[in-house]
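Here subunit A shows up in two complexes: once beside subunit B, once beside subunit C.
This part shows the complex of A and B:
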């Protein structure tokens, strides 16, 4: 028990170490570009999201909601030994499912938004199921299958939205607005953070985080999923149905990403599916969030909020004539150094060992 | 017949960059290091070399300018990949994480620097590199229009890289050692091979070819560079796995993908395809669906390099 705690602690410590280095690199880049504006600009990155008080904090939670879930999707798959690079496709397909129900099924009344969200989960799950199924039964590498599914999903969504009149807003080249009943209720967030876009979706994201945490750590099913991730053959030998595990793991990951899409496009903030031939960036942000959160559900929650916090602060950077890309640079550096976690962990372990040896030696002298 | 020539030439524009980058990835993965950073490396290589084309346009033009740009893209890619190599080899980092970091860094850096230098993020360049017809060879019937008309010098460089890669991987001491490191680094070490050196070599080669691939991708298909290579790095990764980590199979995989992509891009100009009445989105999806279907039939015996992705630890047994 004690041992486990120590590991968690060093994991967080290495993330903090990475964050500090990332911020330092950001500061240096700003100094190199424009030394006069650098310090105020840097302060803006750190505190910019707070400039509008509670509204600003609400916005951070709003931005964080989808990337927390795509991050959870990637992180969950990682825990079970799979690299879900397909969060992008699952996200947009899920978003499409939500928008479709949101526009087409107008007579559902109070449960409209719940049905729409359920549709996003199902659509995303289907998109995750395909690479899982192909991996389990045909040994198709899940990375390449997911990449292909990303593009297929993006084109399929664009095609359907553009081709089906009720869904398409011709003037703005994007999907139509969903019915008011399909929008996710504010659940009191509009009172806590007045004027911001945050809504009940954030709460739903936290609930999903907790569910996945419980699933992975407190259930036999979660244990099986992780076991297959560690060693497929040994798990099979131990009587676990490894094919079923792989398929279910990818399906769940897809469902989570799909929900992320649903939560974003049902937020009622004027966000529509744009008909452009580029993959949804939320899926790739999810990889960053998952990695920064060391693939632990709670870590992912904080990582998502942190990245959203930096991004929101970055919007104000243009006041100082810096491009907002500096935020991406900082996040990239943070992720790069968080990859050094192993080294930091061994460093911590070594100093601990040394201290213990010293203690023992001192104790020995006294005796 | 003209249609076939046209499609073939278009196929080359899509296939050659994919093949170059996938071959680069092959060197890295065969040495045991997963290189998911190909997308970022392509972006960086394209960025510096296109910036060079932009800055020297007017003063220079034609093939010599392109050749210099090629050198620049390769150097950039090689240097950039060192970050991945350092993290993966020296720091024993998770290779997916450092690769993702590089992928994220490259476009942000390209936009940031482009804005500082010229105010906008798109970098324009004038394409003076198209070869209408190679002298003598271009006038050979059939083969001439297929290979030597409406082409770029980069196509021939790509073919050269394929031949050299095959020879290096299978016919040289270096190639044998590289493959040994990817299969069983402990055994390679016991045989006196410096695993770290070989892995560095693998990653740097992948960086150089990745950077070159970025330039080769942008030049024929666009007149400006907007800090993206449209997911081609990830597609090259797919081609690499599709091609089973083997040079000749990688060539076939990239040709297959490039052909479907070329048809999707140019079907509206081809009478018999546009008369079929297939929606344009279906054409756009076909390359990806076809790849998935082919993978279902070919993946059963897929064998990645054994030690791929596992940081080499001298003490492990």
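This part shows the complex of A and C:
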């Protein structure tokens, strides 16, 4: 057990290292742009989210909800040896499923939002299933297949929303607002964080995090998925149906991303599916979150909150005549350095071992 | 004394392990010096240090009396040190000549000039009677010939210190004899040879002196002439080792595994020859049947077809009287079939899982370890501790050790433990001792014999003739996908077996014998029924 704790610790350390370097680079960028305003601007990035007290913190949780889940989707697939770059497509298709049920099925009453969320999960799962199926049976690289699914998803959603009258608000070129019954309940969050947009979705995200953690680490199903991810041949030798595992793994990853879309578009905060030709950025933020959280469910939870925190703080940068894109640069640098996490990890491990050897030698001398 | 290489007091540490602890190795000019040691004794690390792949923490290297800093293989090459790796480094769709000059091509105005190179290669080939055709494609020549190409590569670069890393692992007995002769010729020409091995016979045959490593430590250097095999193996392992397998008469009873007219067709385009061609045999309880053959004659495909890793084109596999040809791998796994796979890294282990998880690789779903879909880690750990204890699997952190960091011998022990503990009816052991040291080989052989005596049917696939002769109760020789002989190890010599394996002899009566066996089986079955 001791060893396990140490490993987790070094993973977190390397992420923190990446964050520090990222912030430092952010400060340098700020200095280059406008040296007078740089320091207050930088402080704003760090503390901006807190300026409105509890409301601000609530906002952070609200922003964090979808990217925690897309991050989990990517991280989960990665743990099982697959790179799910299709979170974006799964996210928008899942969102569409939720919006469709939210608008069309108005007589469901109290379970309306649950059905709508379920639809988002199913839609996302289908979008994950396709690359998984192609990978398992035709050995098509899941990265390529899911990139294609991203575009198919985006255009299919645009086309359907635009083409189907009840869904489309042609004044604003976006989807209509979902029924009030389809909105995610606040689950008490409005009382804790008055005035913010956070809702029960955050709680759902945490529950999913816990479920995936249990699935990966405590179940025989997780054992199979990880075994296939580590070594397909040995899994086949052990009698595991490796094709089924790959398909299920991608399907689950898709379902999580789909749920992320559902939670965002059912939040009741005026967020609609816009008819634009860009892939949903939440999907790609998911990759960042997964990397920063070293693909560990708990790490992903904190990484998601952290990135949301920076993003929220970044909105206030405009007060200092900086553009909010600086936040994106900082996040990008952080991700860049979390890719170096491995190097940092081994560095930490090495120094630790050296210390241990020294200790042993000293112990030996004493003995 | 003139030393061409002196590695003095070399110490190389890796996190958590001292791979080389104060090792001294001195190679005299014009000698064949064997480097003997178990797996994980530090032989490869020492060679990597010599080739500059690792920098030692302590110690110095002297080449021809001068202290040198070796920073990489190119430095080593400049000092005249060359190596034949265990796994050859050849480009398969290049010719012999192209492979030899690769990296030091002669050019004129940027255009390749091969004439001089060809002359030199032909001359060298003749001088050492290597009989290599410079224009043959590597993919068309035998493994033995490929090894000679590797030797030519070193000679072409004018290396005079030659290192052979376990060169005989892939060769037939005849090829081994020829290699030994080549090594003697090289020595006569004044080359110095370092010969890494753990086969004592070969050391006895060619080496002048032998240095022994054990667990990273230098044990000593002996004159081969004055030392017998037992003494050397004792130095290597640290205790007395029984070099022959102790086993009583086999008492075979019921047929457990039956293979009928099994055929596996080639899947690669342009290949029409069957990989496994109409193979039939039976394995009975309490006997060890060995499939002997040179690597690549269909053994792998045969085993994969039996276990289900690859599909069968034609024929049947019958396990305990039930046709399992179309059953899943899991079905066979749970119905009495155990399989020690040929490639322990590819098939045998999930290297990134810890030891405990690997020990339940085929049982994690069973009631014992599975509580409504949740894995019972406490039971898994308990079971792992039991196996680690019982089979003496050694690792850094016990059951928590990631198997990737374990030594080859202990990885293999883990697989053997897992497969034996399943109490199988039939055990397919494919090269179960490949790359292992004497101690581990002895251990695994004893386990297999013990299994046999407890009534398990064992199908052994081996490339090691010694293993085949020592262990088996019946030998089936496979050549180009067909079984060409069914032999009794007591009545056949190693030389004859070698000829069968090379396809030079065919057991004409085999077909008849096959039917004779079948008849005998029927009679036996009848006799048992009467009982």
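Please note the rule applied: the second predicted complex is superposed on the first by the 360 of 367 C-alpha atoms of A that agree within 3 Å, B and C clash if a C-alpha of one lies under 4 Å from a C-alpha of the other, contacts with A are read in each partner's own complex, and residues count from 1 in each chain.
Assume contacts are C-beta pairs under 8 Å (C-beta built on N, C-alpha and C of every residue); 3 or more make two chains touch, one makes a residue touch a chain.
Since the model is a prediction, treat every value here as computed from it, not as a measurement.
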Check: So which one touches more of the residues on subunit A, subunit B or subunit C?
Finding: B
Note to self: Just checking: does A:172 make contact with subunit B only, subunit C only, both, or neither of them? Give me first, second, both or neither.
What the structure shows: neither
Notebook entry, point to check: Can A:233 be said to touch subunit B (first), subunit C (second), both, or neither?
Noted result: second
Notebook entry, point to check: Is A:220 touching the first partner subunit B, the second partner subunit C, both, or neither of them?
Noted result: second
Margin query: Under the definition above, what is the set of subunit A residues touching subunit C in their complex?
Written below: 3-4, 218-223, 226-227, 230-231, 233-241, 349-350, 353, 357
Item checked: Touching residues (chain side subunit B, partner subunit A) in the complex -> 83, 87, 91-94, 96-98, 100-105, 107-109, 111-112, 115-116, 230-231, 234-235, 237-238, 241-242, 279, 281-282, 284-285, 287-289, 291-292, 295-296, 299-302, 304, 311
Checklist line | Residues of subunit A defined as touching subunit B within the complex | finding: 29, 33, 83, 85, 134, 138-141, 143-145, 147-149, 151-152, 155-156, 158-159, 162-163, 277-279, 284, 287-288, 291, 323, 325-329, 331-333, 335-336, 338-343
Notebook entry, point to check: In their complex, what parts of subunit C are in touch with subunit A?
Noted result: 13, 15-16, 307, 309, 328-334, 339, 341, 346-353, 357, 361-362, 364-365, 369-370, 373-375, 377, 397, 400
